[in-house]
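Two complexes, one shared chain (subunit A), two partners (subunit B, subunit C).
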Partner chain A sequence: MTLLDDQIVSVSSAPRAPRRHWWSATLPAIAALILIVIVGSVLLAHVIAPEGYNDQQITASYLPPTWFGGAHPLGTDDLGRDMLARLVYGGRAALGISSISALLATTLGLSLALASVIGGRFWDGLFGRLADVQLAIPAVLLALIVLAFAGDGLVPIVVVLTVGGWVLTFRIVRVHASRIIALPYIEAARLGGARSLALLRRHVLPATLPLLVVALTLNFSSILVLESSLSYLGLGVQPPQPDWGQMVAEGQAQLNGAYWVSIFPGILIVLTVVSVQILGDRIADHFSLTETVR
Partner chain B sequence: MIPVSAELPIGTGIENGGRTPVLEVSGLRVGLANGTELLHGIDFKLFPRESLGIVGESGSGKTMTAMAVVGLLPGGVTATAGSIRVAGREVFNRDAATRRALLRDNFGVVFQNPAVSLNPRLTIFQQLREALPAQIRRSRTRSYARSLELLEHVGISRAADRLRAFPHELSGGLNQRVVIAMAIARSPQALIADEATTALDVSMQKQVLDLIDRLRQELNLGLIVVSHDIGVIADRTDDVLVLKDGNVVEHGPVAQVLGAPQHEYTRALLDAIPRLDGEVPDDAGDRPKIVLEGRGLTREFPVAGNHRRKVRALDSVDVSLHEGQALAVVGESGSGKTTLARILVGLDRPDAGDLTAFGKPVTGRSVARRRQELLDVQYIFQDPYAALDPRQTVSQIIAEPIELSGSPEQRSRKREMVLDLLDDVRLPRSFADRKPRQLSGGQRQRVVIARALALRPKVLVADEPVSSLDLSVQTRILDLLATLRAERDLSYLVISHDLAVIRQLCTDVVVMRDGKVVERGTTEEIFTSPRDAYTRQLLDAIPGGDWFRASPDSTSGQQAHPSVTASYQSPESE
Partner chain C sequence: MADTAPASRFAAYRIRPPISRRYLISRLVNAALTVWGVITIVFFAMHLTGNPAALLVAANATPQQLAAITRQMGFNQPPVEQYFVFVGQVVRGHFPLSIVYDVQPLQIVFQRLPATLVLGGTGLAGGIVLGLSAGFIAAVGRFPKVRWIPVSLLTAFEGIPSFFLGVVLIALFAITLPLLPLSGDQPPVAIILPALVITLALAAPIARVFRTSLLETRSADHVRLAESKGISPTQVLFRHVVVNSLGPVVNVLGVQAGVVFGGEVVTETVFSWPGVGQLTVTALGNRDYPLVIAAVTVLAIGFVLVNLLVDVVAAALDPRGGHR
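Here is the complex of A and B:
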């Protein structure tokens, strides 16, 4: 009966898959661990620092890190506030704002991409040019102008970050979705009587879902960098509420004497961004190995 | 069932005295790293100027054999035992560089699909130059001269223009000639054609095979033709090697193996060939009603890169499909037959002309609207691999049209309908929860057919419904389509370039060329007395035509091995 068995091993002259190194397996694990620690301590900020982020002790200003043990393991800042407390509370602002904005940006990008795939030439052209314009204006510049007029409440910041981040998702999803929509199985659905929305819901959206996860991680890290930059420039979260970017700016003047005020939030930003990127790559790898696209 | 011809082809490589074979493969075993063996000891010899056909179904190991010979096995697959001697020199047990040089200088490979084996970003000259021997490649002028010569050798006119062109600017046939030119660029001893003409239509196929044959004579090449098409093998090779599951089941001169097959697998392969001389399907008799009719259908497409120029894919074509009829539309690629099919099912709109379905004109402007008017016309895709969403299960796929366009009553018993449809296309009900990647090509095509039947259509339009399938699977899908037509009172419109397929399935034929209808008539008329020169040319181009046509005992051949055909019936093994 094996006569008609389909082919088991396909023979082709396609290049061999590159060999995977040992670190390609361990690196994502390390990244995940770092993220768990960072996000976990940020979420548990009120447990780690029950006294809050603004507990000043002028006499104890610029205490160096004692690392293990002591009242201020990561030292204190100019007003004698505990660095650890400010870092974990600062993370709430930085990560919170970035996550919300990244979700919104991804959703906006996705919606516009799908609309331009099924909307025909006009809408595709309009959104495409809009994306070009968006890319042509530096995000920081746009943010400076908008925030100068709108003030720096939470809503304007989230809006600015969302507007700065949707293009990436839009571009990624649009290319992928326009390829999917040209496949025969989409025509098969049309033959069964599907209209545009049904096509999106049944076939295009499920096919873009893995990409969306990747786009979300990329968005998150670029938005976190933008958010920190704005906050560094004094446009984000306002003191006394801490934020990583703002903390970097505060400690900058004392970089010689009290490096920790500036360096620690900086390290956290870098670690978060790099870890999220590594995880994003891993997810992308995972999906390209299994069958997502045909 | 096949007449043993009195004149055997000259030079049958099995017994060939003192000459050194170009290639001698003995006891070749190939396996995966985990120990699974894929080829279980292949032996053959190839002498200069001779041709060897390797035939078998997908998965039989025919491509694997060819790739093992030229050292292009895919990653993780290695030759584990045996010997390959090229011009008397053993290939194995040499260092990689020597082995590569030995294979490179002695073999040219013509791959299946020129659209993939040529680099779209390089001009023809750049690619040809890469294939030249190092001493010529170093000099641009010498490379150019040699490239011109090669293109002329493979019968490409205006060679200087073509050298500047990119692959997408040339037709599939021309591109395949370029690939052949690259294959002979190093003056090899042997040429390996791996399904070299499968992607081409019959007329183009004939030209390319003629070219390969001519080169074999002129350049004294040994030739290995890997193909699933027994017609090609029968026409073009001296010896044939029949492979099954990595084993050689039969090996000998073509006339002997195909004329008097010893092994039941060879017989099954031969039986699976759509006959050119079998019974034509029953005519529906008097034609009461026209179900689908196009009048003066015209469709133009803009030429890429030039907004003013347009290609006329359809030029006022009239076509009418009567109730119960099975109408074939035949023509080469580019003749407009697919455009016609897409217009008839409403996936495309004609620039001019009227479409009438079941007496009512189809007027919708968008695809969705037109489809609402044409729900009784369904479509079967050419490539079942692309026509199924890889993320859905079989039951989701089949249920989709019911969910989208079924009546409330149908929707409520969706699951039941899906299972009935699986019965109808002879797939086990347990397949409902599988994903397309767990199915073979034939099984997928059955799912495509089940989906097309879900809304109980009256007309099926099938665009090359079997051309991407293995031969034996083809026969059974065609049988299924024939059975369904009888069971469900369907009318068919079948697009195909394969006249044998049409012979088996259709009652009437329309022959198209360059967007126009050149001939129409009943299948019998077209096959026995074609009036148009173009139709005759199409008929002549069918590979293996001389073998499989007009032999007195051929019809009895169909019934000669009932045990064999019966044992290969289950679609589970497609």
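Here is the complex of A and C:
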């Protein structure tokens, strides 16, 4: 009776195998292509725009995009600066700050997660509580407080973004690592005389690697959103150096006549965020981690 | 069959309060700890700059004014005592005068609070309605081929940062099609676009969780029992499936409260909505630090209160203890 009951329940509530659509293969390819183009042109900013991001030509302000050909294919802004140049240099700031912060946040989250798995109840409790406190304060609010006083340097903004992002990695790696540490082969390694650190390095860390890649993509996209929001609010990279969020704010007053000043950097943010998310999903799918991450 | 015995047994279950006192106390302690944490962060952040008293007065202040502020906030005392004096002053709501407005900062913040609450409340209500509808359609909609569309659309909107969504909405509905006002000067129509931004940020996670929860509840034992008793499918759906699927949604609301509050700061700035979020950002631009501290503290307390409310409601709705 119980057996039958369980079987019925498990059959009826089992998740259906995800149906494969033609776009489940195409979408990650498109996302990768978009990312390659964006990251490539951002890295080659000095080649694409040798004149730099602050080449003002007041007579040529608010030129509309000509798309192909012409001196300013994506138009110019209020000071007659080339939009393409501002976009690729703005991407350097946005993507650079976000990727450094995402790497730091993932590393911090990973270290604390491993420490809390191996370190016993005290550390586990401490870090868990720390994560709760972190989640209890909205990231934007925390950033406002710190950046209000610490100023607009590169270090404060990276610190704020890292502190705002580590919990995600911490949570998912901790759950995963604590499952791994209960497996027989860890027990065997321990009986074989492995020390904690060696155990982590040789046996636990490799097992969390795929998850870590997924965590990195999740971190990157959420940190890029936070970074551009702060930049939009005027915190972070200061003019004349461009940043995508800041460019959206600058162009907002002229949405009426010169939509491109505000809309183009915004589109780049959305394209980057969505592409990274799609790739992250694809990686999670590949390692069957979708359940763990959600 | 003895009819009275089971009835009284159920009655005994009903009398038990929906949430345990222990849970309530632990949530209250957590809330107090969080507010304390925010005040502590503000304190340390202020000390990053060296002389915190100099931040709290106008740039052209006399040495006497500087000394008065130093004394009021306890900056002339040893570091540990400084901290306690500062926390004490903030808890009692004693902030230095706002540099720009020259009045008690709390007074300004409370003036702006209604606008924030109205916007947040409208966005929240919209997010719940939209999220529940999309989740419901995705789980039990009549046409399996197309019922995933609403949730997917909401998920697509999730990838757009709220400040850019705001800018796009302004470009579409205030400029290209001049239907709605540009900024927060002309209520009540002006609320539509900013509320829509918050609504769209909230709806996607609610829809996903509600969909999963509905699918799980639909295959639960009590639902199969209700079906086998011959209750009409509509009744089963609404009285047994939908109602019992709402618990996880409340939990999601708790997690997403941060989205609403963070989103308020950004959204109010995009639409010049005269609320506390915009006040904070403007004060930051004016280097009006007393006002920044007061506004941030009020926002943090509001956030903590919302979280507390959500936790208590979630516990009361679903006393099985699925929540931590």
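One rule holds for everything that comes next: the second predicted complex is superposed on the first by the 272 of 294 C-alpha atoms of A that agree within 3 Å, B and C clash if a C-alpha of one lies under 4 Å from a C-alpha of the other, contacts with A are read in each partner's own complex, and residues count from 1 in each chain.
One rule holds in what follows: contacts are C-beta pairs under 8 Å (C-beta built on N, C-alpha and C of every residue); 3 or more make two chains touch, one makes a residue touch a chain.
Fair warning: this is a prediction, and the values are worked out from it, not measured in the lab.
After overlaying the two complexes on the shared chain, residue contacts for A:Ala194 are found with subunit B alone; subunit C is out of touch.
Contacts of A:Gly119 after superposition: neither subunit B nor subunit C is touched. After overlaying the two complexes on the shared chain, residue contacts for A:Val273 are found with subunit C alone; subunit B is out of touch. Of the two partner chains placed around the shared chain by superposition, subunit B is the only one that A:Tyr185 touches, whereas subunit C remains out of contact. By the touch criterion stated above, A:Val248 is placed in contact with subunit C alone, subunit B being left untouched. Using the contact criterion defined above for the overlaid structures, shared-chain residue A:Pro206 touches subunit B, although it does not reach subunit C. Common to the subunit B-facing and subunit C-facing surfaces of subunit A are residues 9, 12-13. Those residues of subunit C that touch subunit A in the shared complex are 30, 33-34, 37-38, 41-42, 45-46, 48-49, 55, 159-164, 167-168, 170-171, 175, 216, 219, 221, 255, 258-259, 261-262, 265-266, 269-270, 280-281, 284-285, 289, 292, 296, 299-300, 303-304, 307.
Within the complex formed with subunit B, the subunit A residues making contact are 1-14, 16-17, 183-185, 187-196, 198, 202-203, 206-207, 291, 294.
Across the interface of their complex, subunit A is touched by residues 32, 38, 57-59, 63-64, 67, 72-77, 111, 117, 244-245, 265, 268, 345, 347, 367-368, 371-372, 375, 378-379, 381, 383, 385-391, 400-401, 404-405, 437, 440-442, 448, 451-452, 454-455, 470, 472-473, 567-568, 570, 572-574 of subunit B.
The residues of subunit A lying in touch with subunit C in their complex are 9, 12-13, 132-133, 135-142, 144-146, 148-151, 225, 228-229, 232-235, 245, 248-249, 252, 255-256, 259, 262-263, 266, 269-270, 273-274, 277.
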